[in-house]
Amino acid sequence: MLTILFDGIAYGMLLFVLACGLAVTLGLMNFVNLAHGAFAMAGGYVTAVLMNRSGVPFLATLPLAFIIPAILGLVLERTLYKRLYTRSHLDQVLFSIGLVFMAVAAVDYSFGSQQQLIQLPVWLQGRIDVMGVQVGLYRSFIIVICGALVVALQLILTKTRFGSRLRAAVDDPRVARGLGINVSLIFAATFAFGSGLAGLGGALGAEILGLDPTFPLKFMIYFLIVVTVGGTTSITGPFLASLILGIADVAGKYYVPSVGAFVIYTLMIVVLVLRPQGLFERAR
Amino acid sequence: MTIALETKGLVKRFGGLVATDNVSFKLEQGARHALIGPNGAGKTTFINLLTGVIKPTSGQIFLEGQEITGLRPELRVQRGLARTFQINQLFPAMTPLETIGLAVSERLGGGRDWWRVTGSKREIIHEIVEIAQRFRLTDVLDERTSNLAYGKQRLLEIAVAFACKPRVLLLDEPAAGVPEAERHELLATVAALPRDVSVLLIEHDMDLVFSFADRISVLVNGALFTEGTVEQVSTDPRVRAVYLGESVDE
Amino acid sequence: MSTNIADYVRTTLVRRGRWGISEIAFWLIAAATLYFLPERHLILNEIAIIGLFALSLDLILGYAGIVSLGHAAFFGLGAYAAGILARDGIADPLLGLGAAAIAAAILGFVTSFLVLRGSDLTKLMVTLGVALVLGEIANQASWLTGGADGLQGIAMGPILGLFEFDIFGTTAYAYSLTVTFLLFIIARRIVVSPYGLSLRSIRDNPLKARAVGIPVNRRLVAIYTLAAAYAGVAGALLAQTTQFVSLDVLAFHRSADVMLVLVIGGVGYLYGGLIGAIVFKVLQDVISAWTPQYWQFWIGLILVIIVLAGREHLTERVRTFWKGMAGRSAKIPETLPKPSAREV
Amino acid sequence: MRRRTFLSAVGAAAVTLALGGAALAQETVKIGLILPMTGPFASTGRQIEAAAKLYMQQKGDTVAGKTIQLIVKDDTGVADVTKRLAQELIVNDKIAVMAGFGLTPLALAPAPLATQAKVPQVVMAAATATITEASPFIVRTSFTLPQATVPMADWASQNGIKKVVTLVSDYGPGIDAEKAFTGAFTGKGGQVENLRVPLANPDFSPFLQKVADAKPDALFVFVPSGIGAQFMKQFVERGLDKSGVKLIGPGDVTDDDILNGMGDVALGAITTQHYSAAHDSPENKAFVEAFKKANPNMRPNFMAVGGYDGMHLIYEGLKKTNGQGGQALIDAMKGLSWTSPRGPVSIDPQTRDIVQNIYVRKVERKDGELYNVEFATIPNVKDPVKAAKAN
């Protein structure tokens, strides 16, 4: 019972790290970036390729799994995304889907279509017994890392100058510009950071979610669910949504396996019909 | 005199805030009535209550003696209560012709008609022409609404409400934002509205109020502060204190 | 003098209903392909079906402003309805179409109440959720649908008892094209009717539409139901002409593809879906024949370029070309009187 | 005017194409290879395509004096596309044989076409038992799930396993495997509990938790290759291997293509299947070596061998008919036997399904890489489902 809860939390945390960048781009720049999963995939492949072809240890690849997608995100934001902020959502969807297609085919071309597997270091394998609850070591690792990220994000947003500028830019870009805040720089930095987080999520998730060229398409729906259910105005919304989703998914499949797959979707529809702005948004 | 529109003890609370405080108000048949009040007095809330965009916490609304308190907005329009908006609410991708045609054909029950081509009914054409002429829109009928000059858009806003053939017309600051040059045309059009339509004008502009209205109600903090003829209200020192004093800096 | 304006008003309004030369040419060419491109009938059949499917999405997206990422729900339901009917011995294609339309319309009616509220993103996700749930149901109900193996044993009778489906896909294409054309005529009629006008007004500004006395929700429910029926028919056409239904008629990529098709072709003038279907399918066919592994890359690149080059600008051009041909001969009469100062 | 020129140009082009096609058809035999080359099942398509091309490269492209032309099409894993592509290939390209078919629905969708057009359909991957019954023109060179599964049940009951939990992907082949195993194992007095997971399922943990709760002697698993790796890892992560639950199943879960990447977690898994890259025979050594040389990042798996043997079957059939297709070709294919990289195989003349050895294998480390090492052989296994029907 507690094990299920634990697994659900780990899964939810992972979803959050993968999706929170999307929440930010959507909330901040009002940009529907369906290519978000492609950055996650980039992170996953960075880790897999470094480990399998160059023998770099798992932990050492993680910073790179953050940095490389972040740079990629920064470059794309400056060259392409930037031009599309003012366009309609349909344009953005079309554009980012196009990017996904290109990413899928390009990764397939470079690394093949098969699953990429990574070898966790021994100290992350297996499970231990914590007060009668069987706890997977790797999942604990994920929870610790992701938990730290959540706290760090929350602190950055609420306590730093960057955070207050970011919030100002979200609330009203025009006013923020009037206050002398370089909104375009903040957008770029945030986009890069979100892409980096996705990359880190992809690297951490490669072990549990699998990693192949179709990754961005396979998990796009999950990311979107997290973001719509959680709302986009805060970090806590998507975070709680991820947890609920993770736990509901795992518990649903455990207790009612025949309808397990319904749980997540039905939950989403109910939430969105009752609270169209998302579960944790104040009603307007 | 018969009463066109009446509210009894109308209250609207938003959480702890009382936006409309026990307003009992009468609009007489054929009246030219102005509702004034300082910013935040609750004028817009009041109009939203009348048109059904929001529901009152308590109280009742009557249109020509019939209660409409629980009625959906579109049904109130069909019963003859039309409004204009303070900020233009138009259909940017449609032409004035289509916009007016839409309002007319909806009123005549044509909106459920999905087979006939729009404009094939003679009576509709006739009415469109009449309204277009009344509101001086004949020269821009086939332009995209979003490309119209602001003054024309303002006229169209009123024209659409008028096309609903209202018994009561609520004008929410019709002249707001209209440049001085186009202002005269707009005011003349408003003044020329037929007398069988009762008009409630919500306005800041005192010149317009005094030239147009024959009765004035003053709303302060959501409650009716006073009501009377133009003469009475304009000389009321209390009104000057709460309202006119403020309007100086506008 | 006011008859002058009246004439002008009438011709301007009726103009939209008239068929332009380019429209007639479009359908003539489509009909001509029945004779001139015999070895392409199979893909043309698929194009006609996707075109109809995209047309149905255009009805709600282009004319009522409802975005949907779950339109495959109706497509798939129609496909299964027609397929199951045919498997169980009711082999008449037209009957199958009718049943599919009704089934999809019922689902459309019921689910329409879910998409009346909320932002675009909310609507996207709710419609997506409906399609995913339906996909799961179809997967679980394998006794009815054949589950993941697909629905087998569909044997279609001849259309109207006269035309057997052939292996060249000619009958299938003629059938799909005819159905698409007939439904197109109805859709075209609807969008220029007062009802269609009220839909456009709702898309533009629902608040104002209410203020004009339009029962907004009822109109949206009606068009959503109709579009669902159209999508159901498209699905039924696919089921009948391929005589096979598998779970991917309900899959997410189906909804996403139809959205791409429509957006490529342009939203809000009915031909967008048809043109988009031609462009998308032909591109996919040509590129994937050339590189079966990596065609997605080039499709993706084309999408990106289309957007960067200014899609809305491009489709606006196509659309005005289309409209320009649609009898925009009625110019404002020279003698149009300037409005007099006061006329009460 | 312009339109008329355009149309007549199109018409003329069509005529040229049709004539040209007919003229070529006498000299070439076309094989349409329809596979999922993109999407979630792309790796299946890649393996088969690589193997088929390897075969043609080794054996040349001339058979019975005719040139063999391979046309590869991507069906993206969507059944109605498979059907349309098959139809186009038959109608426009006048193919003699269609081959490939990565998944069960993809093989079933074009089956009526095979019957109608009398074009042999060589199934190189899809493994649901009933597929060959969908058309008398279908012949299979992969395997059927019951064929690989029933020997597993036999082995398990002979090796002291009493209680088994089955965990299968919820679709045709999965259910096939579940039924075959459950039937065979309970028939021998074993005890079985069934679990099904959705086909698209990113996380196995809730299901594995159920398995852990049930405390069986062994876990029988069937998931499509590709998902298998995730499964193996989570199996070990949950400590099920250490709590004494044996992992058994048909070989999909230890797919050779990615087995080495799974790492030590896969060690000790016992599977039954018809092909292992480590199969000890000269034919296989040559095959594996050539395959790896042509495709540096890949190791041939059971999909590849299905494609390789499928091409062999087509070649041999054409030799017998002197390049003729249709009924003659399918008749020629029936009863053919040869030594494949997987061992001796033949085509059952009654069912057109493949008859082959099934091997019991264990994942072990060999020369630094992980392989399915065969340690027992059940010779000449027919598909048990159709065998049962025949009796």
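We call the chains A, B, C and D, going by the order they appear; numbering starts again at 1 in every chain.
Operating definition for what follows: a residue touches a chain if its C-beta (ideal position, glycine included) is under 8 Å from a C-beta of that chain, and two chains touch if they have at least 3 such contacts.
What you see is a predicted model; the values in this text were computed from it and never measured.
Put simply, the chain closest to the centre of the protein, by Cα centroids, is C.
The chain pair with the larger count of C-beta pairs in contact, out of B-C and A-C, is B-C. Chain centres computed from CA atoms place D at the largest separation from chain B.
For this pair, chain B with chain C, the centres built from the Cα atoms lie 40 Å apart. Centres computed as Cα averages put chain A at a distance of 49 Å from chain B. Taking each chain's centre as the average of its CA atoms, chain A and chain C sit 34 Å apart. Chain D has its Cα centroid 36 Å from the Cα centroid of chain A. Multi-chain contact residues, meaning those touching two or more other chains, occur in chain C at positions 136, 139, 253, 293, 295-296. For chain B, no residue reaches two or more other chains under the stated contact definition. Contact with two or more other chains is made by residues 38, 42, 46, 198 of chain D. Chains that are in contact with each other form these pairs: A-C, A-D, B-C, C-D. Contact residues on chain C toward chain A in their complex (touch as defined above): 67, 114, 117-122, 124-126, 128-130, 132-133, 136, 139-140, 252-253, 256, 259-260, 263-264, 267, 293-297, 299-304, 306-308, 311-312. If you check the complex, the residues on chain C that touch chain D are 25, 29, 32, 36-39, 42-43, 45-46, 136, 139, 147-150, 152, 167-169, 238, 242-244, 246-249, 251, 253, 288-289, 292-293, 295-296.
Considering their complex, residues 3, 7, 10-11, 14, 17-18, 35, 37-38, 42, 46, 72-74, 77-80, 83-84, 87-88, 90-92, 104-105, 108-109, 112-113, 116-117, 128, 134, 170-172, 198-199 of chain D touch chain C. Against chain C, the residues of chain A that register as touching in their complex are 26, 32, 80, 83-84, 87-91, 93-95, 97-106, 108-109, 217, 221, 224-225, 227-228, 258-259, 261-262, 265-266, 268-269, 272-273, 276-277. Within the complex, the chain A residues that touch chain D are 3-4, 7, 11, 52, 104-105, 108, 111-117, 119, 125-127, 134, 136-139, 207-210, 212-214, 218-219, 222, 249-254, 257-258, 260-261.
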